[in-house]
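Single-structure report; data block below.
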Amino acid sequence: MSTCSVADQGNADAAINCLIAQQVKDHASLDTFYHIFAAALVFFMQAGFAMLCAGSVRAKNAKNIMLKNLLDACGAALGFYALGWGFAYGGADADVKTFIGDADFFLHQNADGHHAFFFQFAFAATAATIVAGTIAERCSMIAYLCYSTILTAFTYPIVAHAIWSKSGFLSAFNNDPIFGCGVVDFAGSGVVHLTGGMSALLAALVLGPRMGRFYDDNGEILNPPKEMPGHSTALQMLGTFILWTGWYGFNPGSTLGISYDGAAEVASLSAVTTTIAAASGCVTAMATRYFASDPLARQYDLTAAMNGALGGLVGITAGCSVVQPWAAVPIGAIAGLVYLGASNLLIMLRIDDTVDAVPVHMANGIWGLLAVGLFCDPNLKSNAYGSKHGGLFYGEGDLFGAQCLCILFICGWVTAIMGPFFVMLRKLGWFRVSTEDELVGLDISKHGGSAYELAQSKEGNKQAYNDFIKTAGDNTI
Amino acid sequence: MSTCSVADQGNADAAINCLIAQQVKDHASLDTFYHIFAAALVFFMQAGFAMLCAGSVRAKNAKNIMLKNLLDACGAALGFYALGWGFAYGGADADVKTFIGDADFFLHQNADGHHAFFFQFAFAATAATIVAGTIAERCSMIAYLCYSTILTAFTYPIVAHAIWSKSGFLSAFNNDPIFGCGVVDFAGSGVVHLTGGMSALLAALVLGPRMGRFYDDNGEILNPPKEMPGHSTALQMLGTFILWTGWYGFNPGSTLGISYDGAAEVASLSAVTTTIAAASGCVTAMATRYFASDPLARQYDLTAAMNGALGGLVGITAGCSVVQPWAAVPIGAIAGLVYLGASNLLIMLRIDDTVDAVPVHMANGIWGLLAVGLFCDPNLKSNAYGSKHGGLFYGEGDLFGAQCLCILFICGWVTAIMGPFFVMLRKLGWFRVSTEDELVGLDISKHGGSAYELAQSKEGNKQAYNDFIKTAGDNTI
Amino acid sequence: MQAGFAMLCAGSIRSINIKNIMLKNLLDACGGAIGYWSLGYAFAYGSENNSFIGSSNFFLGSVKDYTSGYDLAFFFFQWAFAATAATIVAGTVAERCKMVAYFVYSFALTAFIYPIVTRAVWAPQGWLGAFRTNGPSTTWCTTSQQEMGLCISGSFANNDGFYPSRLFGPGMIDFAGSGVVHLTGGTTAIVAAVILGPRIGRFKDEHGVKLISPNNMPAHSVILQVLGTFILWFGWYGFNPGSTLIQSTASSSYVAALAAVNTTLSAASGALASFALRWALSDSGLLDVTALTNGALSGLVAITAGCAVVWPWAAVVIGMFGGFLYIGFSNLLIKLRIDDAVDAIPVHFANGIWGCISVGLFASNTLVKKAYDYPTNSYAGWFYEWSAGCNRCGNGSLLAAQLVGVIFIIGWTVCLMTPLFWTLNQFGLFRVPKEEEQVGLDISHHGGSAVQLTKPTEEALAAHKRKSSTPHSPIPPP
């Protein structure tokens, strides 16, 4: 494609300048390609969430949850296109600090940044979809639509603006970052997972538990609570693996390019820390659950293993590019424990989380941000962010302070917006399906039948089978 | 990003040098990106193996096999990070030959090669996961954990070192390769699949068949053996397609870069031969099985088709970059036959392989290595490896000799390490679950319940349904 | 995307035929690879200057030296497209088509019919497409036509970089294959469905009496459908942005990014539109998952032709209309009593047509320039011409080219497929016998059902309970 040559350009200097210009273009091409690749992987996580949720709910609500998963991908695309992108990244300027972006709605002025929009949309969709699992089996469709639009079009963009936009008041990319270092949330433990997880917690609190989970028919407290196991572990496992794969777009992709100096090293490091943290989280959570179970009937708990791996992934997301590979081991291991602890805490508090999304995304979102404040290696931060700041274990406290502030901001902001919103939905009676619908399952009540049609008419089938056997002798091909 | 310009650098020569330096960096970026992309695809094969295994076992063991699949990914990540990578690639030097690497444990010195580690980890995880399917439904969890750690941390790295490290004694990358040519195992028919498949065979031999497969309750030989069909063909098919997709990371990705001269051609050729071999394997295996079946009730056997495709993929893995596209047809077709033959042979020998992993990975791993010795095109080898050596059909024998030696080495080494290890596990009584557990299924005995919860309490549900119908008139949204 | 189609089909049909449909999905990937490698690729991209069919590079024979790997990568990419076209039909004819018929048709499609369409639209020699560069540069317009702006004469055009030999000036723009891939596959599906007839019990009862409301044959697993949809959507990011083919010039990376954004928006609006319409049309306020999944796919098919040449707002409009079109066409098929087991015809056929036409309406001249390197202020969609956004747009010439393309693809496919399927049907090779259809193909052809959920036996449970009966044993009662 290159058309630079000494003959064409007239002299060597001109040819050199032509080559240089070409190189700049090449970088843009490569970075765009990288964006698209990473965004496609992140988008694939939607399939992962859908499978994980589908496997985790009871069979009578499978269609409903699948519908919600697909709808929030669609809603996120349109909401983020119309408003979210503008609020989050419109008119960014590293010299000022603003609370909200104010340009580029409907991708109006965004002549060259479509790849960036595409990548960010995939993230917004992820944040929205986290909530689907928690409130599964009892949330009404209309409430779900309202909430996911608000989240992707307004709540999430403000958080993304604060931490990732150049104009954000917590951003490390501002020219005058907070505490001199800004918040390090490389791929979004806070921006994506804590935002989504916090919304999920609020929703679960306002919505209340599923019927029969913590209270029996007469409203008496059940002790122990009734287990409501998911209907297909195979789908859960598939979802977990798809999510893990998608995370290789999520974390390494957050370099937002691969051609600039150091980007490749940062991306590779992210891939490695991501892998190690996930593995540590999985092993720790499973082993802990195993040794905590009744010694006479030790159980290897699949759910703990899968959610431990996801917890590890969430935990490393903020720091994947700024911690040493060895640090990924404790980060992942603690993430596994955080998941177990938070999960038990929720049950003690009688907050019903159908797929354990709050322990995985919210608790580990917080842990991920704190972990950066502990384990951040100054040299690696310099590679990834251009300035040296270490975590507490490297003897520096500024970053830890910024991370804590970030956690407070996200929790506060999400609560301030989503809390009243959910309460309002509840007051209006829009939030929860009717008791009858919930008991019979949403698939039959809302979606015209069960997700599975395995039961054939036994009689008809037997007859057909006998007919078939009679004639089978004459069959060819 | 580029900062080169004639004005900045002072004169044209300096600017050119700057450009050249920038170009080197660009290549590194591109290659890193390629590594991450390919490794993510290869990692996705874990999901493929999990689904394939889950679909191939009986429903009562589905949870168990999937947990093993998840755990070996985690074990591989930690084991390969701690020891395996150092044993395989530590301190490689093309001028000497060593048996084992001795540096870079815990990624200690590996400042710039994280992407290489990430890619190789995905391969190690694949080798470990092959065994899971063969010994499904009867192997205990503790044995599985021990074996997969040993395999990824020690057995597999030694094989990888011998064939892929610059210091390996069979390596084609050494300055003084064996037989003047070294072993050509481009993407690991031998290193990955034969190693995994051989371990699987040994494990199956030591572990014995599932109860009721070849012998009835009184220990009498069953003739014909009892079929134990998998519980979900949909999952098997999903797994097959995911594996096929992942193979496009496995084979083309093994160029280990895309920017150096010829890499792009080699990668493209690999993708094409991979496709053609898989297709030929699938068609051959299915057609052969079809014509070999009872003429009155011809059956299109899905399992044969799927495993034939996988066999073709394994068979082309060693030679994907050094054979002409036409050669991929016989390689794939013979791989399909090899699969069928080996599968029947195993049944005759009463070795029980739940998912037919031994015929697919071990038998075709051997065939893949041999096929290179037959079909290797000197010009293509020169593109991929920098030196010309042809296969037997091109009138040269050195390469064929090296390939045979490689097969012997891998089989011997794996047997020497894993054989005694499995026997020891058996002597300790750790290898196999108890009879009761096996009969009832591992999901109930070890994992707290079945993988599927489709059957709701009929009574409760009917009541709920009636209630629902009564009130259905009042429903909104 | 093959995995996506396999899961989508598997989820959408009755559980007695799962194995059969999945085997077909696997086989068309394989058959497609061999058919396309041996013949198809040569017909499509052989280097002769023949605008209808190529005739060299059979079996990839002429790329022996591999001086450029691009040839091979290009083949790989094109194969994936051919296999997609073939697999579209599998769903429509599910549950009743014979395996041998399936072989024959999928080989014919990938080895001959599809390549001819590709050559016309995508090869540089093709007579129909926007890539035509080396055709005869004769001036074939009359003076009055020139004055009307319907075409541009040779000398004038060459200076400006126009290729007068392109059909009507712009040539047909089908960026990633709404027409080439989906319409070809969709047309084949419709021909097959008409000749094959509906499944037993779908529109008529056992005595051959027409049912007033057709019998729904519900999908056996919505989860697999949604999984398939997500995998397809994901694969579409290879399909559409990947169709820039070379990611190394500044404008092609821009085009790829735009294609990704448009793909997303169109899928989302298609899904919501068809979901909302189905909800509004149903009496009971049904929230239909199938409408949502197929709506998303409709949006994807519709944007495939234009993903690189329309602005994001237009993608929303295109997707939304695609979603409506899906519902409308799906209902029409039921009225006409054409039985499409997975609704592949409304998705791929109807929206394939819409995708091609939408380019003729919404293509922006700025973007056409970027994606196809046309001169500034050249051809654009009809809406842009209408609003006089460009000074030399060809008065509907792009729209006309698109329409000719649609007619050619439908005509060509129908002409070849009808005799093929008709012959198969005459020889009794097309449809499985009635008994086999009723019992399900999994039992009759594949040695048993695809799902084996047998529980452990009572004795085994009892034995296990005896062994591990402890006060706190978590074993559930058998």
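Order of writing sets the labels: A, B and C. Residues in every chain begin at 1.
In this section, a contact is a pair of C-beta atoms (placed from the backbone, for glycine too) under 8 Å apart; a residue touches a chain by one contact, two chains touch by 3 or more.
Nothing here was measured: the structure is a model prediction, and the numbers come from that model.
*Asks:* Just say which it is for the chain contacts: an open line, a closed ring, a star, complete, or other.
*Replies:* Complete.
*Asks:* How far, in degrees, do you have to turn chain A to put its CA atoms on top of chain B, rounded to the nearest 5?
*Replies:* 120
*Asks:* Approximately how many whole Å separate the CA-defined centres of chain A and chain C?
*Replies:* Computed from C-alpha means, the inter-chain centre distance equals 31 Å.
*Asks:* Between chain A and chain B, what is the separation of their C-alpha centroids in Å?
*Replies:* 29
*Asks:* Do you know which chain A residues sit against two or more other chains?
*Replies:* 26, 30, 33, 141, 232, 238, 299, 452, 454, 472, 475, 477
*Asks:* Among all residues of chain C, which ones touch two or more of the remaining chains?
*Replies:* 99, 221, 227, 284, 451, 453, 468, 474-475 - these are the residues of chain C that touch more than one other chain.
*Asks:* Would you pull the chain A residues touching chain B in the complex into a rising list?
*Replies:* My answer: residues 12-13, 16-17, 19-20, 23-24, 26-27, 30, 33-34, 37, 41, 58-60, 140-142, 229-234, 237-238, 240-242, 244-245, 248-249, 252, 258-261, 263-265, 267-269, 271-272, 275-276, 278-280, 282-283, 286, 299-302, 305-306, 309, 325-326, 329, 434, 436-437, 439-441, 444-445, 452, 454, 472-473, 475-477.
*Asks:* Help me check something: in the complex, which residues belonging to chain A touch chain C?
*Replies:* Residues of chain A touching chain C: 1, 25-26, 28-33, 35-36, 39-40, 43-44, 46-47, 50-51, 54, 62-64, 66-67, 69-71, 73-78, 81, 106-107, 112-115, 117-118, 121, 141, 232, 235, 238, 294, 296-297, 299, 446-449, 451-454, 456, 461, 464-465, 467-468, 470-472, 475, 477.
*Asks:* Considering only the defined contacts, which chain C positions touch chain A in the complex?
*Replies:* 14-16, 98-100, 218-223, 226-227, 229-231, 233-234, 237-238, 241, 246-250, 252-254, 256-258, 260-261, 264-265, 267-269, 271-272, 275, 284, 286-289, 292-293, 296, 312-313, 316, 429, 433, 435-436, 438-440, 443-444, 451, 453, 468, 470, 472-475
*Asks:* In the complex formed with chain B, which residues of chain C make contact?
*Replies:* It is residues 2-3, 6-7, 10, 18-20, 22-23, 25-27, 29-34, 37, 59-60, 64-73, 75-76, 79, 99, 221, 224, 227, 284-285, 445-448, 450-457, 459-461, 463-464, 466-468, 474-476 of chain C that touch chain B.
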